[in-house]
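Each of the two complexes below includes chain A, the first together with chain B, the second together with chain C.
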Partner chain A sequence: MTRLALEEVTFWYPATRAPALREVSLEVAAGEIVALVGKVGAGASTLLLVAADLAPRVTGGRLAGAVRRRARSGIVLPTPWTQLSGMAFTVWDEVAFGPANLGWPGHEIARYVDHALERLEIASLAARDPVTLSGGELQRVIVAGLLAMDPDVVLLDEPTAELDPAGARSVWRLLRLLAGEGKAIVVATSELDAVPDVADRVVWLEDGAVRAIGTPQLLAEDAAGDGGVGTTVAGIWRAAGLAPPYPLTVADAVRRWP
Partner chain B sequence: MSAALRLDGVGFSYGAVAALCDVSFEVAAGERVALLGRNGAGKTTLVRLVAGLLHPDAGTVWVGDWDTGERAPEQLARRVGSLFQHADQQLFARTVREDVGFGPRALGFPAHEVSRRTEEALEALALGGHATQHPYDLPPALRKLAALAGTLALEPMLLVLDEPTGGLDRVLRAQVADALREHAERGAALLVVTHDLAFAAETLDRGIVLDGGRLAYDEPLAALLTSAERLKPLGLVPPTVAALSVALDLPGRPVRERDAAHTLARVAGGGPGL
Partner chain C sequence: MRALHPFTLLAVATALPALAWILPAPGGGLATAGIAFGLLGSPGLRRGLWPALVAAAPFWVFLLLLHDVRTTVAIGLRISTMVASFVWLAAVLAPDRLVEATVARGWSITAAYLFAATLSAVPMLKARARRIVEAQRCRGLSPRGSVANRLRALRALALPLVLSALHEVDERTLALESRGLVSGARRTSLAPPPDRVAERVVRWGLLLLCLAALVWRLA
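Entry: the complex of A and B
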C-alpha cells in the first residue's frame, strides 16, 4: 500500500531561481525503507521537507507537481537541537509533547512515551532536563518524540550523525523493526556503508533530480564509479583495479575472496 | 620544548556527576590525535577544558606553557582553535568571508594578514564560491565547514575539534581531512573528537580513548581500530576499511582506503574470480 507519493515534484526555495528539487517522482509503500543518497546539496533534505509538508508550508517557496499522503508523517531534522519543544523540563515531557498536541488521552500518551523511550534505550534519561543532554542523547530523544506520535510515515534526515557507532547501529536496527511493523520509512544518510543492511531501495539524487533508483546494489555499481556515493568496500575494490561487479559490504568481499 | 597540550591528572565534575577523572596525556606539535569514546565518556568536557570554557577541579591543563586555568577563553584563542558540536550555529556575520575573518580580526592582526588567513582558510575548504553568501543561506553541512574555516583562520598551535564531520558527505570529509593534515604539517597539534572512525583512520595517527571519564587507551590508531574486541565494550565498531583488512587478513592490516586498495591489488595480483 502506497503511503507517500511524490509526482513530478519541483520545488523552489524563496528568492531562488534554481529549483532545489527537479521533477522528482517517488512512491513509498508501507513496510519499506527508502534511503536517499547523494552529495550535500543534492536535494535529500528538501525532499524530506516536502514529504513532511514543511515545504513550502513552513519554509515558503513554490512547489509544482503533486504530493499525496495517505497517512500521518513525522520528521527528524538533521539538527536535533533545533527540534526541542522548549516547553519541557524533563525528557519524558519532551517526548510526550507531540502526542499531547494530538489530543490523546493521558493513559495513551503515557503508554506511547514509555514504549518510545524503551525502544531508543533512553528510559534512564526520562527525568533529565533535555538541555543537559549530549548530542547523541538528544538525537535519540528526538527520534523517541517522533515514535511516540505513532506516525505511519517516518522521515529521517541524517539520524545517526550525532551517535557513536554502537548507537548508530541500534538506530538502524530500530528502523528495520519499524518497517516490519508496517511503517513507511524514508531516510537521508551519508553513512553509505550502513545502507545495504538497512534499505530496501536507494534513491540517488543529484542536483535536485533523481539520477537513479534501485536496490542497494546501486552503491556498488553506477554509484561507486561516479565518486561520492558508493560504499567504502566497492570503492576500494574499484581503486585496486579488480574486476566488477564490486562487492558492496565486507561480508560480500569475504564471500568473493578466495 | 613544551608539548602543545599537556593534561596532568585532570578531573572535572558537573555537580555530583564526575565527567573526567585523573586524565593525563601529552600532545606534541604536529601530532594528529583522535579522542574517542561512547556518548557521555567525557570527550566534550575535555574539549571545553582545553578551550578554557571550563576549569579543572583537579590537575592542570597546559597549552604550551600556559595554564588554561589562569587564562580567559579569549586569551587562549591565540593558541587554541576550537570547533564545537553544532558549530553550524556559531556563525553570525552577514557573509561567510566576514565570519571566517572574524577570529583573526579580533586577535588584532593587520588587514592584509586577516585577508591572507581568511582567503587561505576559504580555499582550504573549497568555500571560495560561497564567500559572499549569507551563512544561513547555506545547507548545514556547508555552514559547519564555514565554522571550521573560521577556526583554521586562527592558525593556532592546537586545533581542538568536536565532531567536525557530522553530516558531511564523502567529498567534504576528504576536504576536511586534507585541510587538517596540512595544518598538522605546518606544526599544529590536532585533537579531534569524532565518532566517525573512518574519517579518524584517514586523517589521524594516534588514538586516545576515554571510558567513563578515564583514559582507557592511548596508542597508534591503526592498532586500536583493527581490534574489534577492545572497541566493542567502548561502544565503538571498527570502521569499514579496518573490518575489511581483518576479514580478508590483509598483510599490514591497512586502515586507510588508499593503503587497502594498494594491498588488495598486490595480494590479489589479478587472481581469478576477483
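Entry: the complex of A and C
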C-alpha cells in the first residue's frame, strides 16, 4: 500500500529562480525503506521537507506537481541540537513533547515514550537534562521523540551523522525493525556503505532531479562510482581493475574474491 | 521559591513593577525595589543580583543626565524594580512548568511556548556565546586588553552569534512543527504544577492590592 507519493514535484525556495527539486516522482510503500543519496545540495533534504509537508507550508516557496500523503509522517532533521523543544528539562519530557502536543492521554504517552527510549537504548538517560548530552546521545533522543509520535511515514535526514559506528549500526537495525512493522521509511544519508544492508530501494538525486532509481546494486555501477555515490568496496574493486559487476559490501567482496 | 506555582511567580513579578509605578515616589518605588532586590538576594538566587544591578545602572546614568535628582530617584527606583523583578522571574520560573501550568488551564500552547522559549533562550545563547568566544580565541582573537581590542572582539562575537541564532530559528520552526507544536493544538499536560489555595489567595490579593492602590491614587 502506497503511503507517500510525489508526482512530478518541482519546488522553489523563496526568492530563488532555480528549483531545489525538479520533476521528482517517487512512491513509497508501507514496510519499504528508500534511501536518498547524492552529493551535497542534490535535493535530498528538500525532498524530505516536501514529503513531511513542511515545504512550502512552513519554509515558504512554491511547489508544482502533487504530493499525496496517506498517513501521518514525522521527520528528523540533520542537526539534533536545533530540534530540542526548549521546554523540557529531562530526556523523558523531551521525548514526550511530540505525543503531548498531539493531545494523547497521559498513559498512552508514557507507554510510547518508554518504548521509544528502550528502542533507542537510552532508557538510562531518561532523567538527564537534554542540554548536557553528547551529540550522539542527543541524536538518539531526537529519533526517540519521532518514534514516540508513532508516525506511519518516517523521514530521516542524516540520522547517523552524530553517531559512533556502533550507534549508527543500532539505528540502521532499528529502521529495518520499523519497516518490518509496516512503516514507510525515507532516509537521506551520505553513509553509503550502510545503504545496501538497509535500503530496499535507492534514489540517486543530482541537481534536484532523480538521476536513477533502483535496488542498492545501483551503488556498485560505474555511473554511481563516477558520480561519487558508490560504496567504498565497489570503488576499491573498480580501482583495482577487477571485472564488474562490482561488489557492494565487504561480505560481497569476500564471496566474489577470485 | 521555585516550587511555587508559575502563575504565582508571574503575579509577584507583575505586581511589583505595577505597584512601583502606581504608588507615590520615592517611598513606593523604594519599597518595591527593596522587595524585588530582596527576593533576588535570597539564598540560591544571589547570582542574579549583580546582573540586575548592572542592567539597571545605565538607566540611572541617563536619567541623571536628563532630569533632576528627585525625578531620577523616582523613575530610577521604578525601573530598577522592573529589572530586578524580571531577573528574579527568569531565575525562579522554569519554562517547562509554566507551559504545563498554562496547558492545564487550557491556554494556547503556542502562546505559552512563546513566553517559555524567550526564557529558555537566555542560557542557550549564553552557551553559544561561550563556544564562539572559545573558537575566536583559538584563532587568535583576544577579548581582553584595550577598549579597541574589546570592541573588535565584540564584533567578532556578535556577528556569528546573531547569524547562527537566525539560522537556528529556521530549523527550530521546522522541528517544532513536525513535533506537533501547531496553532490550535490541544496539548496534554504531562505534570501540571500543584496550585494550592493559599497561592490562589495570594494572587487575588496582589491583584486587589494593585487595584486598590490605583483607586487610591486616582481618587
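Keep in mind that, in the parts below, the second predicted complex is superposed on the first by the 252 of 258 C-alpha atoms of A that agree within 3 Å, B and C clash if a C-alpha of one lies under 4 Å from a C-alpha of the other, contacts with A are read in each partner's own complex, and residues count from 1 in each chain.
Methods note: contacts are C-beta pairs under 8 Å (C-beta built on N, C-alpha and C of every residue); 3 or more make two chains touch, one makes a residue touch a chain.
Being a predicted model, the structure only gives us computed values, none of them experimental.
When the two structures are aligned on the shared chain, A:Leu49 is found in touch with chain C, with no touch to chain B. Of the two partner chains, chain C is the only one touched by A:Thr59; chain B is not.
In the superposition on chain A, A:Ala127 makes contact with neither chain B nor chain C. One of chain B and chain C touches more residues of chain A, and that partner is B. When both complexes are overlaid on chain A, the residue A:Arg256 reaches chain B alone and has no touch with chain C. Contact with chain B, but none with chain C, is seen for A:Asp164 once the two complexes are overlaid on the shared chain. When the two structures are aligned on the shared chain, A:Thr79 is found in touch with chain B and with chain C.
Within the superposed three-chain model, A:Val233 lies in touch with chain B and out of touch with chain C [touch as defined at top].
Once the two complexes are laid over each other on the shared chain, residue contacts for A:Asp93 go to chain C alone; chain B is not touched.
Common to the chain B and chain C interfaces on chain A are residues 79.
Every residue of chain C that touches chain A in the complex is listed here, in rising order: 94-96, 99, 109, 113, 116-117, 120-121, 123-124, 127, 168, 170-182, 185-190.
In the complex of the two chains, the chain A residues touching chain B come out as 38-41, 45, 78-79, 81, 134-137, 158, 161-169, 190, 192-193, 227-229, 231-233, 235-237, 239-243, 250, 253-254, 256-258.
Chain contact summary for the complex, chain B toward chain A: residues 37-40, 44, 85-86, 88-89, 139-142, 163, 166-172, 195, 197-198, 235-237, 240-241, 243-244, 247-248, 257-258, 260-262, 264-265, 268, 271-274. Residues of chain A touching chain C in their complex: 49, 52, 54, 58-59, 74-75, 77, 79, 82-83, 85-89, 93, 96-106, 109, 131, 145, 149.
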